[in-house]
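As written, the chain order gives the labels A, B and C, with residue 1 at the start of each chain.
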Amino acid sequence: MSVLVFLEHHGNELQKGSLGVLTKAAALGDSDVAAVLVGGGVKALASDAAKFGAAKVFVVEDDALEPALPQPRVDALAKVIQENGYETVLLANSVLAADVAAGLAARLDAGLNWDLVDLTSDLVGKRPALQDSIFVDVGWKSTPRIALFRAGSFDAAASGAGEPEVVEVSVDYAEHSQRAQIVGQELEESGGPSIEDADIIVAGGRGLGAPESFSLAEELARALGGAVGATRAVVDAGWYPYSAQIGQTGKVVSPKLYVALGISGAIQHKVGMQSSNVIVSINKDANAPIFEFSDLGVVGDVHEIAPKLTELIKQRKS
Amino acid sequence: MKIAVCVKHVPEGSGRIDPSSKRLDRSGEGALNHFDANAVEEALRLKGDSDSEVVVVSLGPAKAADSLRKALAMGADRAVLISDDAAAGSDLVATSKLLGAALAKESPDLVLFGQQASDADGAVLWAAVAERLQRPVVSQAAELTLDGGTLRVKRQTEFGYDVIEAPLPAVVAVSDAINEPRYPSLKGIMGAKKKPFDTLSLADVGVDAGDAGETGSKTEVLAFADPPARGDARKVEDSGGDSAQAILDFLVEKRLV
Amino acid sequence: MTRASDYPPPFNAREFVAEPTDPVDERIEVGVLIVGAGPAGLACAIRLGQLLAEHPDVAERLGEVPVAIVDKGKQPGSHLLSGAVVNPRPLRRLGFRLEDLPSYGPVHNEAVYVLTRRNALRIPPPPTMRNHGNWIFSLSQLGRWLAERAEEGGAMVLPETAAEKLLVSHGRVVGVRTGDKGLNREGEPMGNAEPGSDLVAKVTVLAEGTQGHLTGVALDTFGLRGDEPQVWELGVKEVWKVPRAPGGVIHTMGWPLRTRAKYREFGGSFIYPMGDDMLTIGMVVGLDYRDVELSVHDILQELKTHPKIAKLLRGGERVQWGAKTIPSGGWYSLPKRLYAPGLLLAGDGVGMVNIPRLKGVHYAVESGRLAAESAFASLQRGATPATSLASYDDAVRSSFINDDLYEVRDMRQVFGRGFFVGGALASAMTVSKGKLDLGKLRAEPDAEQPLLRGGRAAQYPTPDGKLTFDKLSSVFASGNKTRDDQPNHIRLERRVPKEVAELWVNLCPAQVYEVGTEGGDGTVTVNVAPSNCVQCGAITAKGGRLTPPEGGSGPEYTLT
């Protein structure tokens, strides 16, 4: 089975998410894994691609491709797929990749399954649905098959070097692909990630006791490099702004790590964070419902534990 | 100027999968996908007091008319519902074909989408439709301005913002940060019932039954299951803050720190 | 002795009465305006549609929108909740065939039990509780269905629209002002705020259901209140998917309610099959209870732990939950008049409920139908004198609504004397078909009941998330997703003695209230989480006042 993985880069670095998908592709076993790099000055990244499992790397290098716009990439991928007969195309979700995958699906009349968290070796995709309350097995009825994986589904693991076979490809762009132009950019100063994008969220609830104690959540979030969230109860009480509210009537998040401090776990809150990869909760009440859906539940006083944890993390990181 | 907004009627609250058809059970009450309300709002803002036309388009069962009426109540001028039994169960390939065909007939200057559909979480329809229409597409629009025939979009990415320009006609997917959708006024709600509303079949749109519905789809649902249980849930009793080390060890084990 | 009525809410009906203020060309004009898309309002709209179809000349005079119904729920049915076993005759009188109505079929069997903690003693159904000829419905579903019929008949149904003020001009009701949308917690308009509108009509029909906001305002404004105050029950119910529904309709009395007179715990439960694989189970308790720890929500959870009832639910799953008050003062608590200039009052809003029979839907339907006929007659005559709608009052007083309510007029009141004495008296009344006259037995307003602490809370089960649930889970199961930053729609005295605060905390089935900081003088602050509110109306009965929040908020019932 031949698999093509779309590798995304930013500056001189290949993105972790697409490297994870490449690692997965290599692990599917029994497949010819190739990667495709599209951009300005990307040839240099080809050997990195090999480290993560690509035997062959298609390089579409063109200064015109430097801006991260999806439609020229659709042209590039369509060409590589059609000329080489790739049956399965994998992408890691990102703002760019989502548009590329969908445009490609329409270009090739190819099935696209998105928001996947896994793919079996017999090519059954697995994805959560209905606010992550249910899992669905999905398949493709024809080739090429396009699969778009949820960000962070797979860890990137280098499996060794070896020089890849590099194939340079030049592409004729469709007329409509070049009409959009990037005329300016604002790179964000990191003030900490926003709740929606954060990989790590530390959320505080009523168990913190008083608004001043929210600093416990903020310190821990800072140490972990995450964002701060709040339950409806504390937002109602005026301890924290509504923009940080997580839950049925607030934001729905699914970070890699959710740390719940003094949160009981009422269903209105649960539906806002239940699909987080790993949930760690600290609560004084051993019967708090949150312990039923936490990966690690700690029964204890958050005022004692959180500062110690923050300290330990800072030490470890330094 | 004609602005088309693609909207979706989605099941209210948490939906359920119908075990027999393996499709989302859309028989209950539904509502306008709240992300699409942002797109309708943006279209109305662009229209302002001009005599531009805002047309809302949807592909769905007959009751999707409710969501289209909500958009009309907000201020859209006309609604088009593509409704045909043969279109049920359409995946991205089929849906984009149907919407593309309907939009091609309308020939709008700008097509707007909301950034996601709350029922299928993370839809990417706009890019597929833009490909069908052979038009430039810009997604994640946090700000949108029109200067003559040029679109200027502030697009939110993981790294910050790109400012993108594209000539009309174009397709844009707006993020929910772009605006706060207006509440329809009572006059608007009452007036909506009189605004033009067309229901189109596959034949009207010029798409073959073989290209729509499950037949025309290239993906399929095979089965569904409960989400994997959180295996190995661990519980620890703290004493004087000593659990902090255990938590750190856990985080390290999970490669989160 | 502490009473909730000693701490009345900051509420004045005058605040909700106004002249129209919108410029004339911005006012929305309709012919007949109906407030409330429940059985009464929808029956009114449907009957009007029929009459206007027969008399197009009258229809023409009513302008572009001859009949409009506004409802504060997300859609018709979102705020409708009842048992319900309904007498279908008034629905047939509207022209519907029984087999076309969205029902769960006729009542085949019924049983009444007196429960103790472990046992259930079957007793012959008291004459008031015989349901032969009645049909089982979900009121929410029936409402949705009737709304479609009303629209087919030409009515314009406008959900998500709260009627906030009564528009009165020169002593005559000329319509309602709808509520603003998009206000923040402080009541200030946010970016997308939409002000309400003056909705003016030739005739306004208030069919708001229990604790109707403008109904209460109208009763005060026009001096229509009856001699006896209204009193209420609180009904809390669940809908379950079960492997096999019970074969018939079940009512229970006794456990878990306490029988001693000092507690004044009047009520019982109902379990109705809904088709083969669903049932609804509910608990109804009079709000004249006295124990501050009493929580009808938790008594329902307790009821489900009875071995016979747990058995009915085994293998099942709760799919919906809801709560709503029921006016129970009966005949004595009806208003002096059911009309005022430009205004008609119908249904539960004015207390047309027969508590001993647990029936009210068919009275609502009939009163809506009669209101339509009276409104139509008045419009046809082009009559505008203040008493032109009096024919409605006459029609209701000479209908079976009046006869039935009169027959059972004292029954509810005697239960204030405890279950056993009450039961005996009630039987005596039933047998005599209402001719046993005990003289008017005074009903005290629920909020005036002296409070005591009776240790009720010790019996509530700890929620297990499968059979029994906590209040927040129940609120979730009502479909409530009201935005949190709305203004607080509940009027309440916020600094009260601890017992009163506890009364409210336990009273509310949706966990809206919470005991806040202590004042040091025996008082506490009451915290309010208005977005939990399912608008059941219980707080209004016992010391507070519910007003309508932003249209579209609150529960989204579909099966209740």
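Criterion: contacts are C-beta pairs under 8 Å (C-beta built on N, C-alpha and C of every residue); 3 or more make two chains touch, one makes a residue touch a chain.
On a predicted model such as this, the values are computed, not experimentally measured, just so you know.
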Most central chain, Cα average position: B
Chain pair with the greatest number of C-beta contact pairs: A-B
Cα-centroid distance, chain B relative to chain C, in whole angstrom: 38
Inter-chain centre distance, chain A versus chain C - centres from mean C-alpha coordinates, in Å: 49
Between chain B and chain A, distance of the C-alpha-averaged centres to the nearest whole Å: 21
Interface hub residues of chain A, defined as touching at least two other chains: 271
Multi-partner residues of chain C (each touching 2 or more other chains): 481
Complex contact set, residues of chain A against chain C: 232-233, 235-237, 242, 245, 248-250, 266-268, 271, 287, 289, 292
Chain C-touching residues of chain B, taken from the complex the two chains share: 12-13, 28-29, 41, 180-187, 189-190, 193
Chain A residues within the chain B interface of the complex: 10, 67-71, 74, 93-96, 98-103, 105-107, 109-115, 124, 128-142, 148, 155, 174-177, 179-188, 197, 200, 224, 256-257, 271, 275, 278-280, 282, 291, 293-301, 304-305, 307-309, 311-313, 316-317
Residue ranges of chain C touching chain A (in the complex, touch as defined): 462, 465, 470, 472-473, 475-476, 481-485, 527, 529, 531
Touching residues on chain C, where the partner in the complex is chain B: 26, 28, 65, 68, 75, 156, 158, 161, 178, 181-182, 190-194, 196-197, 199, 479, 481, 556, 558
